[in-house]
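Here come two complexes built around subunit A, the first alongside subunit B, the second alongside subunit C.
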Partner chain A sequence: MSAPGVTLAGTARFGGTALFEDVRLSLAAGQWTCLLGPSGCGKSTLLRLIAGLETGAAFAGEIAASDGRPVAGRVAYMAQDDLLMPWLDVAGNVALGARLRGEAEDAGRRDALIARLGLADHAHKRPGALSGGQRQRVALARTLMEERPVVLLDEPFSALDARTRVDMQELAAETLAGRTVLLVTHDPAEAARMGDAVWLMEGGALYAVPVPGSPAIRPVSDPETLRFGADLLTRLRAA
Partner chain B sequence: MTGALLAAWQGAVWLFALPPFILPGPLRVLAALRDNAGLIAHHAAITAAEVALGLVLGVALGAATAIGLAASPLARALLRPALVATQALPVFALAPILTLWLGYGLASKVLMAVLIIYFPVTSAFFDGLMRTPRGWLDLGHTMGAAPWRLMWRVRVPAAVPALASGLRLAAVYAPIGAVIGEWVGAAGGLGYLMLLANGRAKTDLMFAALLVLAALTLALYWAVNRGCDRLTARMA
Partner chain C sequence: MSIAEDARHVPDGNAPPAQIDAEEARRARTRRIERIARWTLPALVMVLAIWGWHRVVTVNEIPHYILPGPGLVWESLVNDRAMLMDAAWLTFRITFMALILAVLGGAGLAILFNQSRMLEMSFYPYAVILQVTPVVAIAPLIFIYVESKIAGMLICAWIVAFFPVLSSTTLGLNSVDHNLRDLFKIYRASRWQRLVHLQLPSALPYFLGGLRIAGGLSLIGAVVAELVAGTGGIGSGLAFRIQEAGYRLNIARMFAALSLVAAMGVFIFAALSLVSHLLLRKWHESAVKRET
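The block that comes next holds the complex of A and B.
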């Protein structure tokens, strides 16, 4: 699986008002791109456009992959809400994609993923019996099970407690390595840690922010990363 | 509560010295129930069969309609106004016509029960199917789900609680449909027995039949409610 880069360029309007105008977002192939911005700035709309999902906005522009093939059908999507089906057990949820496409489930790969994410003891539990962190790990396993080169993450860790969030960030960085990832977040510290590239969205415009020299994912206590996170927060507050 | 009501009932009968053909006391009704047990059981079985068949058919038709409407915007545009318009017709007014067309047997009563529960089941289930959480639909979309698989594996299970509220209503309405059918024209059933007893001034037998009808409806509701609770618990 060789992951392509993805570019979105264009304008989105809600009724008469522009949500963002003439923006250009590039996701480098096989890297993590973080899109940071305040709530309601349009960053989720941007992600949903790439995912090919309904946004309610009129988009004029282009979404393209660097290999020239269509983006649609090659993305996996993970949201803040884990979106687990409460009537399926963990294994059923992880294999949901195959079920929805009418394909045979690859039980071996499913079970391997469940084990890799530390959920082996919970494979036959329903989501209702799991903690928030465990549920989000199931969602990550389901995302990995899709084996898509482009992964779109819409604030997937926002609802987790601080410690679980940091664990999940590391697990996601490790398991999604090599894929083209877009992480939409409103948390400057998360963007500072996770981004190979970081974009700031404010006032309907996008700004690329230079990132620290050290490779993502960066340690929680790395001074340079902490400084970077603080700078991002300052820019967010000034916006 | 029930005991107080029964006591008040018996007390009123004694106090006002009501003749039994106007209002028999509960003791007299119980006696009629005991003396006519075989007769009442025979007619109760007929009504129970009508109700059961009507319930199964009505729920199946209602559920299928709801899925069809939820799956197809065209079906929604064409059928929904017609469906609502049919509710402007009192179903009771159709009973004589159904009896004329389908005769005095089981079919006209089953159809009455079907007609009376069809709309509540369709409406409740349809509402549930249209309220699938958007995130699940988004997920299905990115996974490349075929619309009918998304319907069957996500939208239908998610709408089970809504279907359950339709089923609970249906359990209460179905006996009403069957009994109205029997009143209009029948050769058997509790509704038929009530009319027969009424005509012969056997008011105690009429009350006994009514009592059994109420018990039948309550038992049906209890069973359906229990089934619905279990089903809903499995989906949540």
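The block that comes next holds the complex of A and C.
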């Protein structure tokens, strides 16, 4: 699986007002791009446009992959809500995509992924019996099961407690390595930690922010990362 | 937390945290009492009511053709059991078949309406009209045009029972979490797959809620249909027996047949509640037991 880069360029309008105008966002192939912005700035709309989901906004422009093939059908999606089917157990949820495509169930790979995310003991539990962190791990396992080269993450860790969030960030960085990832977040510390590239969205415009020299994912206590996170927060507040 | 655990493991230790112990014991006691009371209290109320009934009848010397005592009703239940059981079986069969048809018709229409907005717009108003027109008023017409009494009774019971299934299933099919819809879109699921793997499971709790209401209503529909159909060879269900016993001033048998109708209603409700619980207990909020 070689992941393509993805570029979105254009304008989105909500009724008469522009949500963002003439923006250009490029996701480097095989890297983590973080899109940071206050709530309601349109960052989720941007992600949903790439995902091919309905946004309620009219978009004029183009979304293209660097290898010239269509983006649709090659994206996986994780949201703040874990999007698990409450009536399926963990294994059923992880294998949902394969089942919908009518593929023969690859039980070996499914169980390996479940074990890799530390859910082996919970494989036959329903989501209702799991904690928030465990549910997000199931969602991650399902995303990984999909083998999609482009992964869109819409604040997937923001509902987790601090420790679980940091653990999940590391797990996601490790397991999604090599894929083109867009992480939409409102948490400057998360963007500072996770981003190979960081974009700030404010007032309907996008700004690329220079990132520290050390490679993502950066340690929680790294002074340069902390500094970077604080800078991002300052810029967010100034906006 | 460690204090609470210690308390559980060493209840008679040197310095047991008595407060937590007492609190826990009190809560356990409340739960135990509630569990017993759930059965004993209604039973006690029934015994008291029957006893009161008996006292009223004997003290006032009310003649049995006005109000028979509970003993006479019991006698009627025992003596007429062959006839009453036959009648109950017929009423039960009609009710059960009507419920099956209501499920097929109600859920089927809900799925059709959900798949086609045009169909829904065209026919939903008529489903409402059928529902709000009292079945007693429609039934005589039905029995004019439908030869078979059984078919006529089924139609009556179905008209009353299908609507709750239709409306609650429709509600369920339409209340799928839109985030899950997005996920299915990303998976490029077909319309059919979305229906089978997402909408139908989401609608199941709603459907089962409608089903429980439909169970009671199909019994009501069957009883009304019998009363309207009157005597007609095979048309001798419980409602017909009530009517017939009324003409003969056999009030005790009226009560006996009535108690059988009530028992059947309770049985249907309990059976459908059990079905609902079994289907949902693994995952739905309404049936999952919480720790606290």
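The working rule: the second predicted complex is superposed on the first by the 239 of 239 C-alpha atoms of A that agree within 3 Å, B and C clash if a C-alpha of one lies under 4 Å from a C-alpha of the other, contacts with A are read in each partner's own complex, and residues count from 1 in each chain.
FYI, contacts are C-beta pairs under 8 Å (C-beta built on N, C-alpha and C of every residue); 3 or more make two chains touch, one makes a residue touch a chain.
This structure is a prediction, so every number in the text was calculated from the model and none was measured.
Visitor: Based on the shared subunit A superposition, would you classify subunit B and subunit C as clashing or fitting together?
Guide: clash
Visitor: Quick check on the superposed pair: does A:G68 touch subunit B, subunit C, both, or neither? Answer first, second, both or neither.
Guide: neither
Visitor: Once chain A of both complexes is superposed, is A:G213 in touch with subunit B (first), subunit C (second), both, or neither?
Guide: neither
Visitor: State whether A:G108 touches subunit B only (first), subunit C only (second), both chains, or neither.
Guide: Touch partners of A:G108: none, neither subunit B nor subunit C.
Visitor: State which residues of subunit A lie in both footprints, the one left by subunit B and the one left by subunit C.
Guide: Residues 48, 51-53, 73, 75-77, 79, 81, 83, 85-87, 96-97, 99-101, 128 of subunit A touch both subunit B and subunit C.
Visitor: Spell out the part of subunit C that touches subunit A in their complex, as residue ranges.
Guide: 177, 179-180, 182-189, 193, 197-198, 201, 204, 282-285, 288
Visitor: Spell out the residues on subunit A that touch subunit C in their complex, using ranges where they run on.
Guide: 48, 51-53, 73, 75-77, 79, 81, 83, 85-87, 96-97, 99-101, 126-128
Visitor: Which subunit A residues qualify as touching subunit B in the complex?
Guide: 48, 51-54, 73, 75-77, 79, 81, 83, 85-87, 96-97, 99-102, 128, 146, 152
Visitor: Please name which positions on subunit B make contact with subunit A in the complex.
Guide: So the residues of subunit B in touch with subunit A come to 133, 135-136, 138-146, 149-150, 153-154, 157, 234-236.
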